[in-house]
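Report on the structure given below.
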Amino acid sequence: MREFWSLVRRDLLLARRQGGAATSVAIFFILTVTLFPLGVGPESALLGRIASGVIWVAALLATMLSLDRVYQSDLEDGSLDVIAMAPMPLELVALAKTLAHWLTTGLLLVVLSPLLGVLMQLDTAAFGPLVLAMALGTPALSLLGSIGAALTVSVRRGGVLLSLLVIPFYIPVLIFGVGAVDAAVDGISARPHLLILGAILLFSLVISPLASAAALRLNLE
Amino acid sequence: MTRATPDDSNKSFHAEDLVCIRGERLVFSGLSFEVGAGTATLLRGPNGAGKSSLLRLVAGLLRPAAGQLRWGSESVDRDREAHRRKVRYVGHLDAIKPVLSVGENLAAWAGIYGGRAADAPVASALDTMGLSGLADLPARFLSAGQRRRLNLARLLLDPGTLWLLDEPTVSLDSDSVNRLEQAIKHHLAAGGSALIATHTDLHLENAAVLALAPARPAIDADA
Amino acid sequence: MAAMHRFANPTRFVRLSSALLPWFVVAMIGFFAAGLYLGLFVSPPDYQQGDSVRIMYVHVPAATLASGVYVVMAVASAVALIWRHPLADVAAKAAAPVGAIFTLIALITGALWGQPTWGTWWVWDARLTSVLIMLFLYLGYMGLWQAFDDQRRAARAAAILALVGAVNLPIIKFSVDWWNTLHQPASILRAGGPTIHPDLLTPLGLMWGGFLCFFAAVLIIRMQREIVLQRIRALQTLQVATEMPVPQEA
Amino acid sequence: MREFWSLVRRDLLLARRQGGAATSVAIFFILTVTLFPLGVGPESALLGRIASGVIWVAALLATMLSLDRVYQSDLEDGSLDVIAMAPMPLELVALAKTLAHWLTTGLLLVVLSPLLGVLMQLDTAAFGPLVLAMALGTPALSLLGSIGAALTVSVRRGGVLLSLLVIPFYIPVLIFGVGAVDAAVDGISARPHLLILGAILLFSLVISPLASAAALRLNLE
Amino acid sequence: MTRATPDDSNKSFHAEDLVCIRGERLVFSGLSFEVGAGTATLLRGPNGAGKSSLLRLVAGLLRPAAGQLRWGSESVDRDREAHRRKVRYVGHLDAIKPVLSVGENLAAWAGIYGGRAADAPVASALDTMGLSGLADLPARFLSAGQRRRLNLARLLLDPGTLWLLDEPTVSLDSDSVNRLEQAIKHHLAAGGSALIATHTDLHLENAAVLALAPARPAIDADA
């Protein structure tokens, strides 16, 4: 496990140094959401109705756009060869890198989501469920995204193929994430949505390391 | 977790009837050789003969289309993790992060390799490759030769058993080539072994030469 | 050569499938001819929708087979990954474009149908949304095949994706249904879904049979072509081996 | 000019070979737009109201995401050094590469926008102005984006920083692009918006090659 | 558009009092040298001495912190485009697109370089570097040495006047090194010139040597 945490620490250090990757994800998230009042018009009733959807779509996009960081640069400069030969299973490598990805993107999205709720005139009653849903949903996004990132890692400029692969898998997270917030807005319990999000998270936690490791193995050849 | 020190695996490494296919083209076939403990084998052959491919095969990064890799009589496939703990691969690519300093780059590898490497003094590895003055320099400022030296310094963290070096002398000045030769000799003297692809000369006594020619490899034992 | 070994089994497949192919083609022509005749000329027009109801004879078989083909693909991928059966990859690769085309036909005929019946080309109904997502899954799968030039690696990557997709498919379907019932249902669709008249059922069944035979025939043709290509590549592999110059230096 | 067209042709060839970069942009565009109904719900009236905004935001994102293709891979593999030493001014190089970018992304967005109008239940009266506005707006997006791409080209994984730089410049295009469509929906003339979009395009055409070339020069050092 | 053929610029290239600063560190200063028409200069020095930096300076990809570059008596800054038309730079990086075939890679450069290069037979350039059999192979399948040969073949499309080569022999087998030497000699005989950074030996008669040592450069004239 020492190697596992070393790898996580390394990826965090790299993210911090690489032009503040984490802050850029945060700013991308905020900017995408602020584009909407500009695009859709400022009526607060309309904004409030689409708030949960817009925030979640922006979270999906922000996660997806940062996915190529997970494996790609390590493959390109040969680091992935060296990591793959380290004395730990490739499944653990994938998990460590996914964890580091979540810590530098998803975690920030969780923290920032109330702020965006304010910007989008979201009902204050829904802030709690929004944060909770984000806390359960974003790790699932990182885990599912890791599979796509690993599959396309040796494909030059695979970024857009990556989004094509990943978006269908993101749809359930989007739907139940939005569902949790909308339930709270409508005054019903968000619990069922949150439970389903939890189930999706557990499910991704099981398949992601396996599928990512298998994908990495074939891409190293 | 057992550690691979030269002692606990005093067996020679064998390859038998290896076949390598890349991009659906046959690179070589029927290749057999042995790398004994304490010996080095130089891999030679024209461009495209398959030297880099062979090294990646032995490293476990490529799977052979046919053939076997063994430590003594034990197949590598039986325990791939043990194999990984024994081999150290330095390829064409640098595995250097430009945003980290020279020291941080090496420290990161030391952590990830765990075991002996985690406690290995990064400073002494840098020193051996003549990089001690540059430890705090961001790696993006390194010249081509300095980058390669940093990459080679990784070997010294935890030397493992079998070194797989792909054209290690590229971009190195003559002083650095000497340092590399010393490091290899030291590794061999400690019971390690090495398989080295190179187009230039490396001064290693008693090194076997494995000449690779597509589909017709041959081994002669001289320096 | 060991590489040639792998094709012993495909050889048998080619022989068997070549024998079956004409039957599928004949059956397909028969089904289509009978289905189209009954559907276009014999069956009565719908009292609400008029003749546009006849789009159903293409739409419904295409829509049902669209997800059926994905199941075939996923099973083939599982066989390929677990047992490394050389035919399984070929089958999965050959099935994907057929499935994508069925999905596309379902979408296009659905949209053409929707315009006269609902007054709009598209609504975000749960079923339509699932079909759209299905199209994305197919496109991603085919894109991944294309992205690699080494067929062996492409096959493995695509198989992993197909399997992950297959286990995700129920979750996606479930979530889309949930999403649709959560919001007030798109009213037009509730009203518009016509119950199928028994007179329409016979031509529908015939057309369905025709689509199925079409799938089988195209699958066989594509698989055979893929096997031939694989053989050519294997021959080229060997040929390169013999043509390589022998260097003089030791 | 022969060199100019050779460079354009080369970039088009590369885009075609690189896993169908152009089709992937198209797919990304469609995917992003489909996420919104899943996020905000399927009601046609609501979707129709936010349609123009969503389509334009998706166009912005699709353009932005493909921007790193313009210079980055050429810098990483040393091609940009060689191109910069070709016998044509760097301004022309920038223009050629931007043109190739637009032909493989913006042009597709123009063609696809009516389809997305259908998906988003946009009023059919607005289809004409939507296509026109896209035809004027997307070249401006490519030109403005080229500046950002050139500025961030030597930053590893500069993708998100790039979006930060570029989004502010994209906002006017977004506002007048949406304005043109909404005007048509409301039954007023879209002409003023289209004229302003044309002016933005001309302006970008003048400053983009100059600024991009200067930024490239900086980054080659 | 005037073309740079060896004839129309039969002047030698001068560098005077060059100062190079990279990453806010002084790499070298007060460096002066001359490369006459028909001659080659080998650039030597330990790793990090500034060979690659000097070549990029001369290529115009870096600006010197101080000092002057001249063709005869005319400063390079007066007409940078003319200078670009005269120099040809082959650096550490490959400038190879993996998705294009070997032939397409070279053809793309020929088009972009316009003038003479556009009409130059790509096939003959490939042939000279021993790549003729590989013209239709996707470049991503190339081995390290084959990639370098493809990169060098670019020089032959339109040779310009002054070749700037950064460690051109890296990864080349001995046969390819011979081909490269022949190509350089041919270029010199046609009135061209070359500035070549290298750690290995290149067999060129009458090549001057410019030895670079950080902040203390010196010129000796022998082979």
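Each chain carries a letter (A, B, C, D and E) given by its place in the written order, and its residues are counted from 1.
Throughout what follows, a residue touches a chain if its C-beta (ideal position, glycine included) is under 8 Å from a C-beta of that chain, and two chains touch if they have at least 3 such contacts.
None of the values given here were measured: they were computed from a predicted structure.
Among the chain pairings, A-D comes first (most C-beta pairs in contact).
Note: the chain lying farthest from subunit A is E, by mean C-alpha position. Per-chain CA centroids place subunit D at a distance of 37 Å from subunit E.
For this pair, subunit B with subunit E, the centres built from the Cα atoms lie 32 Å apart. The centroid of the Cα atoms in subunit A and the matching centroid in subunit E are 46 Å apart. Shared contact sites, meaning residues of subunit A that touch two or more other chains, fall at 18, 76, 155-156, 158, 161, 164, 167, 171, 175, 221.
Touching of two or more other chains is recorded for residues 92, 99, 138, 140, 174 of subunit E. Looking at subunit C, residues 136, 139, 143, 147, 149-150, 176, 179, 182, 249 sit in touch with two or more other chains.
Across the complex, subunit C meets subunit A through its residues 133, 136-137, 139-140, 143-144, 147-148, 150, 153, 156-157, 160-161, 163-165, 167-168, 171-172, 174-176, 178-179, 182.
Partner subunit C is touched in their complex by these residues of subunit A: 147, 151-152, 154-155, 158, 161, 164-165, 167-169, 171-172, 175-176, 179, 182, 200, 203, 207, 211, 214-215, 218-219, 221. Of all residues in subunit D, only 18-19, 21, 24-25, 27-28, 31-32, 35-36, 38-41, 46, 49-50, 52-54, 56-57, 60-61, 65-66, 68-69, 73, 76, 155-161, 163-164, 167, 171, 174-175, 178, 182 touch subunit A in the complex they form. By the touch criterion stated above, subunit A contacts subunit B in their complex at residues 2-3, 6-7, 9-10, 13-14, 17-18, 76-79, 81-89, 220-221. Every residue of subunit C that touches subunit D in the complex is listed here, in rising order: 111, 120-125, 129, 132, 136, 139, 143, 146-147, 176, 179-180, 182-184, 186.
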